Amino acid sequence: MARVKLTDVTKQYDDVTAVDEMNLDLKDGEFICLVGPSGCGKSTTLETVAGLTKPTSGTITIGDREVTNLPPKDRGIAMVFQNIALFPHMDVYDNISFGLRLRNFPQDEMDERVDEAARVVRLQGMLDRMPSEMSGGQRQRVAIARAIVRDPDVFLMDEPLANLDAKLRVNMRTELQRLHKQLDTTIIYVTHNQAEAMTMSDRIAVLNKGELQQIAPPLTCYNQPANRFVAGFIGSPSMNFVDATVGDGTLDADGYSVSFDTTAIDGVAEGDAVEFGIRPEDLYLADNSGEAEDPSRTFSVTTDVLEPMGDEIFVYLKPILDTTDDGGMTDFEERQGLLMSVDPATDIREEEDVEVALDRARIHLFDSDTGDAISHGVVADADIEAEAERDGAQAD
Amino acid sequence: MSSGGDGILSRLATWTENLSEQAYAYLLLVPGFLVLLLFAFWPLASAIRMSFFADVITSASLGEFVGFQNYVRLLTNTNALAPAAFVDPSFETPILEQALFMTVLFAVLSVTGETLLGFLYAMLMKAEYKGRRLVRLLIILPWAIPIVIQGMIFFLLFRPGYGLLTEPLQQLGIFSSLPLNTTFDGFVIVTVADIWKTSAFMALLILAGLESVNQDLYEVADVMGASRWQRFRYITFPLVFPVLMVAMLFRTMGALRVYGIIESTTVGCSTVPSMTCLVTQMMFGSATQYGSAAAVSVLIAIVVGLFIMVYLGFIRRSNQSLGLA
Amino acid sequence: MSIDARNHEDAETFDGTGDESGGEPGDDENRSPIQRWADDWIRNPEKAYAVMLVFLGGVLLTTSLFPLYWLFNVAMAPPGQTDIPLIPATIDLSAFVQVFQQVPFARFMFNSLFYAFTVTVFVLLVASLAGYAFGRLEFRGKTPLLFALLVLSFFPPATLFIPLFRAFNQQVPMLGLFTLPVEIYGTPGAVVAPLSAFTMPLAIFILTTFYGQIPDGLEEAARVEGTTRLGALFRVIMPLSAPGVATAGILTFITVYTEFFFSFLMTGNSAAEWAPVVDGVIAFQTQYTVRYDLQAAASLIAIIPVAILVVVAQDKIISGLTQGALKE
Amino acid sequence: AGGGGGGGSDGSTTGSSGDEIGGTVTVFSGSAFVDSGIVDALHEAGVPDSVTIEMTVPPQDTGSKQQQLRTAINAEESDPDLVLTDNGWTIPFIVRDDLVNLEEEMDEEFISRVREEGVQSMIDTGTHPETGDLYSIPVFPDYPVITYRKDLLRNAGYGDSDFETWRSDPPTWAEFSTIVSEAMGGSDVQYGHLWQGNNYAGLACCTFNEFLTSMGGAFFGGQDNLFGPVGDRPVTLDSEESIDGIEAAVDIIHGTGSAPMDISGVSPQEVAGWIEPDTKSTFENGSAVTQRNWTYSIGGAVSAFEGTDMELGVMPLPAGPNGSWHAQGGWIMSMNPYTDNMASAKEVIKAWWEDSVLQHQFDAANYMPPKPELFGYVEESDTYGPYFEALQYSAENLIPRPTTSVWPNQRTIIASEVNSALRQEQSPQEAATAMQEQISAIEEQS
Amino acid sequence: MARVKLTDVTKQYDDVTAVDEMNLDLKDGEFICLVGPSGCGKSTTLETVAGLTKPTSGTITIGDREVTNLPPKDRGIAMVFQNIALFPHMDVYDNISFGLRLRNFPQDEMDERVDEAARVVRLQGMLDRMPSEMSGGQRQRVAIARAIVRDPDVFLMDEPLANLDAKLRVNMRTELQRLHKQLDTTIIYVTHNQAEAMTMSDRIAVLNKGELQQIAPPLTCYNQPANRFVAGFIGSPSMNFVDATVGDGTLDADGYSVSFDTTAIDGVAEGDAVEFGIRPEDLYLADNSGEAEDPSRTFSVTTDVLEPMGDEIFVYLKPILDTTDDGGMTDFEERQGLLMSVDPATDIREEEDVEVALDRARIHLFDSDTGDAISHGVVADADIEAEAERDGAQAD
């Protein structure tokens, strides 16, 4: 339970800047998730907090102490490592109790704590196994138990649930949240799992190339991403991005345009090149467009692949202008196709022409150059009638 | 222990924890290098100094300062008191009777033999089968035999008349009837004796290297389709390489300083004069030649140093880190 | 799962006790064992390989063990017999008893064991610190220091003897600065100190190599769990380098145990004066006679402690230690 | 030393304790002296009981012993107080003042007694070659003799009268080799004549020197120059006679007939690889007709032949044109100059020269007394009595060891060249030339 | 491209049966996902196929050859390992090209293939790094590249995407699918990620405790799980399970009952103890119950926690009979609470009383004892009027 503060932390390897001028200020007892693409510096950030690597510059404060130069053992942290790092020469019990033994806990308290930790990670009855005799998930659970058995001020967890199956993951998630509440510990948690980041954290810190992109509560990141990168990174499947130009009260993409009130938004002017983003769930088939908060007019596209997920179906819509098809060598996304999610009960087939609308209230506008967000949601143009007319004309 | 003591200890611990990596490294090196400084580096320096002073064969003291004269006489084979030629520039002395060449040849042969045999032994010690523990033990035992006894064994095997192997080998035309007195035969005997004893050293080190290779990598290689040889070539060897280099390095240094086995087999320094033979004879013989003995030591060190350079070159080239390259 | 496990199954089959799990029972009965083996090996080249290894090993072992066997033979021969037969005429173990009757052989052994043990413990400790620094830390002067270590071993130990002997015995000031306490000479200290210095470079190199190979992740985990850097060395890195530590230990131990030169010259000749075991062995030589039988018996007795050590240390050399520890 | 096994510890007290009788006197002796009762004999012969005498066992391999002593002395170690050294390598220690000049330290009367009573050749090896001062007291002399199988010679037609004659009038090398070969022919023994021809110190000082001298050759022009002066003496290893010496040694193995005497090859090739223990055990187990070895081998053979058909005979070494010559063996006693207990050590030296101690020494270890007047005691002994005459002849025809400070270097050359001639790797002429060249170089450099 | 067949494969460790009488028959070129809880034997199954471990009993056939006793190298497989296991002494290029070098590929072809593989896993420009200089995700991508660079008959992949971020994961997924199509290789793929299993595989094999539970196409597993285990395991969040008794045309749970036509289903009789399952997305707020295929009558519950995920909100409904609350020591699930997912736009708060209905067509019935599925979907009772009446009465 301690405040954690990173001030201008930079970590440079020979030719790579793993962490770049990072500023983070975590409140006491906050649960923060670090997310970002592979190699963006998440693990390195944790390592600087843990004291395993010294930042090239910058300072780190835990509680009231500046710890930049303190050794890990004096920082009051526990850590789950991405590479698990079990002690191969110790059995599970010894691995879990290692930190306690270092602190000369009495045997019975040690037993008690280890049992409790083993229960949390569901490893009861495996305490005398060696790491080499366990499955990948079991090993990872030992690593978690090793961290939670102690009573640190700060937990650092690097992908702790990566090898666990969905169900156990959900369970562990709940257990970790409960622990967090119960112990009131500050937790920095690296995950690649959106659901974890969304549900567990008080705030999400999104990193890219060593730089902090946004730090905000999960829904803020989801609904008001600070820039195109965050928008694309948060949410699975990812937001659709479309290059567009601001017209006269319209947003003109290749093949379709959306009308909106240019004047209601600061920082866009006619002729600007912008990028707009729309999440798959904010695209609607014409039939359901009523569900949208502010449906745009529909336009027609052809379905490509369907991916039924059980609780929804992902529909890949062919790019409006499918100029090239070089055998899948470029992404769907790069080709400006759209991904839509629909209810599994929907009657839809591949290679079918459909009419779709998008929810104008959920359109995100980004600056084409900087990628910074300009606006989240646009409002319909004042001249609604005109649009309705045009809509009607189009529909015919 | 009083709480005050704990306080000091923990303060000390904190102090060391906060040292920079550099300072911490130096701190860790202090105990070792202190011992080495007193009992190795200092006597070494004294000995090197000795090599620049004249021999006084009738006294334990050093003569006057003569610069490199001792070296010159050794390298030109003009020190009549030298028990054998260090090197004979005129090459009238047979190669095996020139300490330098004899020793180098010995080192090359014995280290090669020991490495090959050591690798085989190491594999044998590693594979799992019943009785492996016994085999490990048996392989290591020759190394545990005092050199005096090792010499005795080989002496008894090759002694004239009675030696178990003297006659058969003579009849095969490989050895003379007095192998311990013949330079070539004696050289072979000493080499074999050394290989026999010291392969265990190699084997042990290589085994340790083998054992510390992450076994998971073999699974990967297996699936990738590596044959046994390829597994060895691409995984075992490169991963054991650093250890192998350490082992070979030290064995080469040991072999280039060979002495005990020559005397203890009774082959003797006059039959097979190694470089260290010269040092010991000059230093402990009745006619002490401290200056020349020290000079030979320095020459040995130079020869060894040249070999080590070759090793370091290898290590560097193969991109393996020994910390040295 | 591991390679070993597979070999193990194979090996058991050679001992005739393994199960024939891979084979098809039924038709096995009416074929000759050789056919069965051949068949088995073709289907299972691992086995053929293992057999070859065992065979080769057998040949090697025989040649390498022959001298030991012969030593035993010598010990059985009557005193003064020069002609040692390949197979002893009689089993006569009296030499093994006489060894203890003629000289205080046990004390000789104790002396050497004491040297070996003390030096090994000391060297492992001190070399571990240095090995850790060399193997896992970056610092300026690393290469020159390592090289200095190597350079030490370039010189024949005899070179160092005279100065050391004077320092111990004549109070010649070390480094020109101070003299060693006179009490040291003639005590084990006069042997332990130089031998520690001579065995240390190899130990440092071995440990450097092994410590350097332990993945950082494990040390990091230990430190986060609350060890100091030094604590991580002793609690995680050393145990994980068990093969290396055990090897360095065995090598040091054996080197010191059989060491002749220094322990011989730095001590008196009698067992009570801390003479090493080698003194005990050569005590059976007189000017013109050698009791080969007693020397052989003494040598065989002398290697027993080493044998025990090897057996004990073997367990430390456990296979595949880092297995399951890390995702790399 | 005063403090027991310690070192030169008590520097300040050394002087005073050195003058007082007491403490411990350590003697670098040998296993034969340990537990031999000699300590009691010394006490009985006058060493005060306050002095503890300790006999220690140095490595008996001559080389190592020399090396250990050299180290101890170089290190100015106070232990041992007294050392028994081979008479063959003591002079280098003497000339370097590495031993106490007893002439200066001990009372004149004792020194002159030693000079009078002692075996002259032993006295010589303990005397400084230039000043003539006595540094070492003889402990026991050793003489080489030929032990032979009377039973085999009888079969070959020789008889007691021959045996009788040979005791004081040995056969020549030629005759000797004939006798041996005849004896061999009529029996199934494996070997004829055994001697020590290995490439080792003993070949240079002794066995080869015996051939050389009896054939009229010499290392340095003659017996007078054996102890020096180094550099100022002729090297005569390539003289005609010296080559004869090598040829004689080669012929007795190979019978090439190159030597001036007609010596047939009755020694096995193996002798070029053998030293004392080898020939001793071979002879004792009945595999050879004759053997050259030291005094102690008589005792060995006597007990080995006991209860067998074998009958032991002893004669001096065969003669060459220059007569029959025997290399001087034996040990002498000296004092460590760094001893811290000199007064007591002197008492030990004196006592050791007493008849009772020397007799005890002979009884307990078969070591000959170094006083000719005690030879009678030997003559009366059961073991040695019958062979005394031959021993006496040997003692009267001794060549001292050619010990100088450079002898250790020279002896390795001689041993190695002669040995290679014995193995026929080079001709006697080549060996002689090589020796001449290298020995001269050493002489010149010194 | 080969058929893979496991017949009665069992793998026993000392005290653990890791794989128990496994029978699998994979068609040529099939993409099969192995899923199951941590420690259920997935990796062990892969290892037996790879030849890294010999099954205690049973046979394995690849193509037409029985390979049970063949060494791995002769089986024509490539594998991505769960523990990644890069060669620490080789750089990325050498790691990837290792298998090619073993086969003496010419340098230029090797370069070409490595480049292509690096492109697929987005590691261009990192080919000369050492494994120790890479992030967790980067290492994993090297491991994948190392497998795909070769041209094996069978791919075995053990959690290949575990350390990747969501976006890269989706990209890699697409790439792997493309590779699969292109090379027509048989792929056995272990994953803990539902989306992967659902979208990539031709069939999913669900394992539990070493035993095969079901092997079927993804949607079959989702919609017609063979037993309670599969039902609970597939789908995230997990299906809700409720203990119930079969009444007279009703399914009676604690606090509410659903009417259905008992006679239409074989194997249930009045008075049977059954368990019924309903997925979160098949629960509807009364307002939206029209979206359900066959909505049941509504019943009232109280909301507990809300978890906004961005594209949906998970609503935890308090157990109808919340008899115990021992401080979160038992799971939500165990306490028979219900989880419902609703649209993010829904106006819902924690601790609110709401009316919910469930979709009768999506109810799964399981035998309480064996857990075997009895029926997927139930139909309304014939006496609809009576029900409607009762409904009306209730609604009042």
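As written, the chain order gives the labels A, B, C, D and E, with residue 1 at the start of each chain.
One rule holds in what follows: contacts are C-beta pairs under 8 Å (C-beta built on N, C-alpha and C of every residue); 3 or more make two chains touch, one makes a residue touch a chain.
The model shown is predicted, which means the values in this text are computed figures rather than measured ones.
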Margin query: Going only through chains that touch each other, how many steps at minimum separate chain D from chain E?
Written below: 2
Check: Nearest chain to the global Cα centroid?
Finding: C
Next item on the list: Find the two chains joined by the most C-beta pairs in contact, please.
Entry: B-C
Next item on the list: Would you mind pulling out the distance in Å between where the CA atoms of chain A average out and where those of chain E do?
Entry: 21
Notebook entry, point to check: In whole angstrom, how far does the Cα centroid of chain A sit from the Cα centroid of chain D?
Noted result: 96
Note to self: Need the CA-centroid distance for the pair chain C / chain D, whole Å please.
What the structure shows: 42
Next item on the list: Take the average of all CA coordinates in chain B, do the same for chain E, and state the distance between these two points in whole angstrom.
Entry: 61
Next item on the list: Specify, in ascending order, the residues of chain A that touch 2 or more different other chains.
Entry: 71, 73, 82-83, 133-134
Check: Which residues does chain B have that touch at least 2 chains other than itself?
Finding: 17, 161-162, 214, 216, 219, 284
Check: What residues in chain C touch two or more of the other chains?
Finding: 1-2, 82-83, 161-162, 228-229, 282, 320-324, 326-328
Next item on the list: Would you pull the chain E residues touching chain B in the complex into a rising list?
Entry: 47, 50-52, 71-74, 77-79, 81, 83, 85, 87-90, 98-99, 101-103, 146, 150, 156
Next item on the list: Write out the stretch or stretches of chain B touching chain A in their complex.
Entry: 14, 17-18
Item checked: chain A contact footprint on chain E (complex, rising order) -> 13, 35-39, 42-44, 82-83, 133-138, 140-141, 158-159, 162-171, 174, 178, 192-195, 198-199, 218-219, 222-223, 232-238, 279-281, 291, 293, 307-312, 314, 328, 331-332, 341, 343-345
Check: Quick one: in the complex, what on chain C touches chain B?
Finding: 1-4, 7-8, 11-12, 14-15, 49-50, 53-54, 56-57, 60-61, 64-65, 67-68, 70-71, 74, 82-84, 86, 126-127, 129-130, 132-135, 137-140, 142-143, 145-164, 167, 174-175, 193-194, 196-198, 200-202, 204-206, 208-210, 212-213, 228-230, 241, 243-244, 246-247, 250-251, 254, 257-258, 260-261, 277-278, 281-282, 292, 295-296, 299, 302-303, 306-307, 310-311, 314, 317-323, 328
Note to self: For the complex, give me every residue of chain B touching chain C.
What the structure shows: 13, 16-17, 21-22, 24-26, 28-29, 31-33, 35-44, 46-47, 50, 117, 120-121, 123-124, 126-130, 133, 135-150, 152-154, 156-157, 161-162, 164, 196, 199, 201, 204-205, 207-209, 211-216, 218-219, 228, 242-243, 246, 249-250, 253, 257, 259-260, 275-276, 279-280, 283-284, 290, 293-294, 297-298, 300-302, 304-305, 308, 321-324
